[in-house]
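These notes open a run of structures that come right after.
What follows is subunit A paired twice: with subunit B in the first complex and subunit C in the second.
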Partner chain A sequence: MKLHVTRRGLLLTYVTLFFIYLEGPLAVIVLSSFNSGQIVRFPPEGFSLKWYGALMDLVRNAPDMKPELLNAVYTSLWLGVASTIGAVIAGTLGAYALQRAKIPGTNILRQLFLLPLLFPQIVTGIGLVLWFSAVGGVPTWMRLLLGHLIISLPCVVVTVTASLETLDRSLEDAAMNLGANRVKTFLFITLPSIQGGVLAGAIFAWLTSFSNFTVTYFLFSGEMNPFPLWLYQYIEYYIDPGAAALATCVLLITLSVLLMINRLQALGRVVAVSK
Partner chain B sequence: MSSAVAIGVGVKHLKKHLQTDWFAPALFAPGILVLLPLVGAFVMLVRYSFNDWDPMLGMVPAWTLENYYYVFTDPAQFKGLVTTLRISLVVTVVCLFVGYPVAVAISQAGRYRGLLMFLLVTPMLTDVLIRAYGWMVILGPNGPVNSLLMASGLSSGPARLMYTELAVVLELIHENIPFMILPLAAVLERINPALNDAAMNLGASPARTFFHVTLPLSRPGIIAGTLLVFALSSSAFVAPLVLGGGNVSVMTTLMQQTMLTTLNWPQGSAQSVVLVGLVLVLLAGYGWVLSRGRRTT
Partner chain C sequence: MKPPSQESTQAGKKPVLELKDISKAFGQMNAVERVSLEVWPGEFVSLLGPSGCGKTTTLRMIAGFIAPTEGRIILGGNDITNVPAYRRDVGLLFQSYALFPHMTVRGNVGFGPKMRGEKSGAVAEKVRWALSLVKLEGFEDRRPNELSGGQQQRVAIARVLASGASMLLLDEAFSNLDAKLRGRMQEEVRELQLRLGIATVLVTHDQEEALAMSDRIVIMNGGKVEQIGTPKQVYSSPESLFVADFMGRCNRIEGQLTHDGAKGWFLDCGPAGMIRFEAPPHPEARPGEHCRVFMRPEHLTLSQRTGDHGQGLRGEVERLVYLGSRSVAYVILDGGIPFQVHLPNTPGSKDEFPINGVVAVVPQPGAVTLLPD
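Right, the complex of A and B next:
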């Protein structure tokens, strides 16, 4: 019995250490953003909020090298919102059809809808470079939008499919028996029942688009520089804690978004299905 | 079953079939519209990978296997391929051994399971660039590792940890270990605890029970996690780019150089096709193991 207790204690210690390790890099960023020195240092030399002040200055008067920050955030925001709207419409309808359609080829279509998750993102990026150069004349914003639509679509498909699996289909049958047509049934019965999955998918899709680096890297151009690219260029050249302050802000946004998804649908489940 | 009922059922099915017929394709249309370019892009990648390339003329349409030959024989590309496989192997093995006890803990966590899952998944869904930046700070000359090394007297000056293969490996372990733990925990949760109790009641030591009952039963999870982590590690781009800083050449960073710097598209396409082939084979194995596991339990 005593041995059993020690074994449990050992496992508990191990798991605690593991999660300290897992969250460590994120904690290090947050802590070093409060550093009072000129360079990123851990453990920090002293506590100061000056790098958040510097961040505000960067946003307000946009001096010399870094006037692009606000533009980069705007670009990423509209890109995220636009691709989320597209992904929610295409993904919800697609997931519904995948579950209900009895036409041949549904299985191939299921693979197609999850293809962006199976492809290495760098190949998606490179492939789209070739595709756009063959099509020709596609403006940068459209390239970025299509790239982001492609990678965020499976997020919605996965969460909506998970919701549809728990949906009681007799409700739909009842509506149809009472004379509602398919469109009406979908809009007034199915959609309200799966709204949690749709919303979780939308947030998940937005997060995917907002934080995507690899596909964006191959599609961006100088005039349109989404936030992850801006951050990459910044941390390549500057070692001041300003980047840590900025990363902390993004972390806060990410964390609140993840808490939102977690309320709608168990996070573990979403990720387990998506990969 | 009487034939009248059979006909009735048949008609009902036919009716349902006709109803879905126009509905389903219409619902698929927006998604297909979005994904068609991706399929088109891949078809182009495959076609271009057989083309010729001339430094003066650029891409010349042809049907040659030369680009694939170079992926495996050109010293730089072959080295990149070997480095990719080596890094992925190390990352996968470490993830398996470090992650297994965590998966065991999650499968026994009871009401804390949700919390542990949230903690596991949060870093996974944060911007990979931000996680890489965290490792830049940790491994940098002013980071905690170096201050520990210097404080303990193991090193007189800051050791160069950034821009090394070690840095890339450390980041990739951190990035991918949840993908090892998730399938492992899923399989471990399905193991009937009565089997463990039975082994212990029959006099087996905890170690013996683990090696003869738990470990063999968790094999599908081990295989699935291993394949998934290997696939994700070999297709990672941000970690070698940011933490390797040009000193670590793997397949993905070589692809980026071939496509954007030398502009040798046929060669870059062949590299892409080889990487996709590797990843899809691994992921197909992963899917197969998981679906087989689901069927047998």
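Right, the complex of A and C next:
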């Protein structure tokens, strides 16, 4: 019994330390956004909400600020959604093809698929810039979309491949035996069985796109200025706790997206069962 | 290969399934070699053999998941060798059941008719019909993980039946069930199969299952067919050593044939003694010939009278194992050959054979079968 308690205590301590380390940087930002002093610092020198107020004022009063912020959020949103849709479709099919192809070298191909995830993004960014300028005439929205697709595709490939590995192949055989051709088997049996992996991939893809700075930095233009870049430019000008307040708001948005997806997933399960 | 015994009764009928010399090689390895088989309407055929002998590969070729490297597959008179799996109407029952976990029982059973383009009314009708056959009415809205193993198997059977398959393929279909449930499902499936008159091929490595369920048994070994015959034929008239051994425990012994005018034919097995034959062991038998024979344990009796010439083989009881309906006596014959003898346990039977006691192993009439070379 005693042993049991101490083991439990150890486990709890470990998990706590783990989380403090992982979430620490975020906590620092959130805490310093409530600072009552004049500069960003940690630990904060007292509690106040004044930087949130200042942020509101700034957005409201600075003539260029409001449209620029809205534009940045809007750009990031459509970019995230579009590249996620593209990544989910292409990534799922790609992972499926890679897993089922009876050709030698699929292992190497799979590693190549993951390269953009492991490679310094700055290299991807430079490569894209060089390529786009060589081709010429590619509009900014397409540059951004193609760039974000490259970095969000591997997210989907990774999660869908993992799901496919655990998929019971005899389910697909059974479907074919019952008269479903390959397309129907994929739609009615394979896809529902790997939907967890697809959804997880979609979330990762969206978050990757929404928060990406490095690749985006090489591709953006004045009128299409995704949110992370706008945030960076803001901090360059105003190094005050307002930036921390802004970052906290972003954090809240991201968290609520995650929560929403979580709820949707639970909802989906309820709907599926009640059907 | 002997012609199947039913051939006379099948006159005028056409086989449901014909395998014509099908082979499958995986790289250098011949998993299946020149297997030929005809399955007649309503017939239950088992593919029986040890692990790795090519049973599953044969079944998957029939189902269309593996293309044979050679040979033809004919279903209902049509060559289906190159027809994709989803256009063959052979229903495959998987060992793992392979029920779709994201669908209800209704969804699972209705999947086949739905995929074959039937209207929703017809699909519902098929589902009702198939579930009533397996006695699972009222389970339509359950999910596979809310069913017991036996119920899952019934759903799998219903799913195959609802798809309108012209024949059934069962791959080790009962090996996931515990012994008692297995026996019941075997009976139920056989009963259903007879009632629907649907031709069925079962793959199994369990000879009792094959004996209990089949009209005919195909014994396979190393990718080849060893023998095809009724359960009785393969059990009591094996055409090869392999079949004799695989179909059940067989006690083997060899010796010299002798003929003693009035008393008839004997096999002189050296130190263990002699076995008397009722009739000449084979038509061209001649004295002095070397012969190998086998006897099933249940065709032997034990006796404490050991003196008589030709009254069985002398040995010592090494061990007795009580198995309820019978006991098994492990006897070491003089000369060192181990024999097993089944002793039925009747209400009156008492333990009359002490350990290390000297006994005679006496074959019942017709028990001694000549082993093929």
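By our rule, the second predicted complex is superposed on the first by the 205 of 275 C-alpha atoms of A that agree within 3 Å, B and C clash if a C-alpha of one lies under 4 Å from a C-alpha of the other, contacts with A are read in each partner's own complex, and residues count from 1 in each chain.
We take it that a contact is a pair of C-beta atoms (placed from the backbone, for glycine too) under 8 Å apart; a residue touches a chain by one contact, two chains touch by 3 or more.
Since the structure is predicted, the reported quantities are computational estimates derived from the model, not experimental observations.
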First (subunit B), second (subunit C), both or neither touched by A:Leu130: first
Contacts of A:Met260 with subunit B and subunit C, given as first, second, both or neither: neither
Touching partner for A:Leu167 - first (subunit B), second (subunit C), both, neither: neither
Touched partner set for A:Leu70, first subunit B, second subunit C, both or neither: neither
First (subunit B), second (subunit C), both or neither touched by A:Leu231: first
Broader residue contact with subunit A after superposition on the shared chain, subunit B or subunit C: B
Touched partner set for A:Ile85, first subunit B, second subunit C, both or neither: neither
First, second, both or neither for A:Ala54, with subunit B first and subunit C second: neither
On subunit A, positions contacted by subunit B and by subunit C: 182, 272
Partner subunit A, residues of subunit C touching it in the complex: 63-65, 84-87, 89-92, 94, 96, 98, 100-102, 111-112, 115-116, 159-160, 163
Complex interface listing, subunit A residues touching subunit B: 3, 7, 11-12, 14-15, 18-19, 21-26, 28-29, 32, 39-43, 86-87, 89-91, 93-94, 96-97, 100-103, 106, 109, 112-113, 115-116, 118-124, 126-131, 134, 146, 149-150, 153, 157, 182, 207, 211, 213-214, 217-218, 228, 231-232, 235, 239, 243-244, 247, 250-251, 254-255, 258, 262, 266-268, 271-272, 275
In the complex, subunit A residues that touch subunit C: 168, 170-171, 173-182, 184-185, 188-189, 192-193, 272
Subunit B residues within the subunit A interface of the complex: 16-17, 19-21, 23-25, 27-28, 30-35, 37-42, 44-45, 48, 98, 101-102, 104-105, 114, 116-131, 133-138, 140, 142-144, 147, 174, 177-179, 182-183, 186, 206, 228, 235, 237-238, 242, 252, 255-256, 259-260, 265, 268-269, 272, 275-276, 279-280, 283
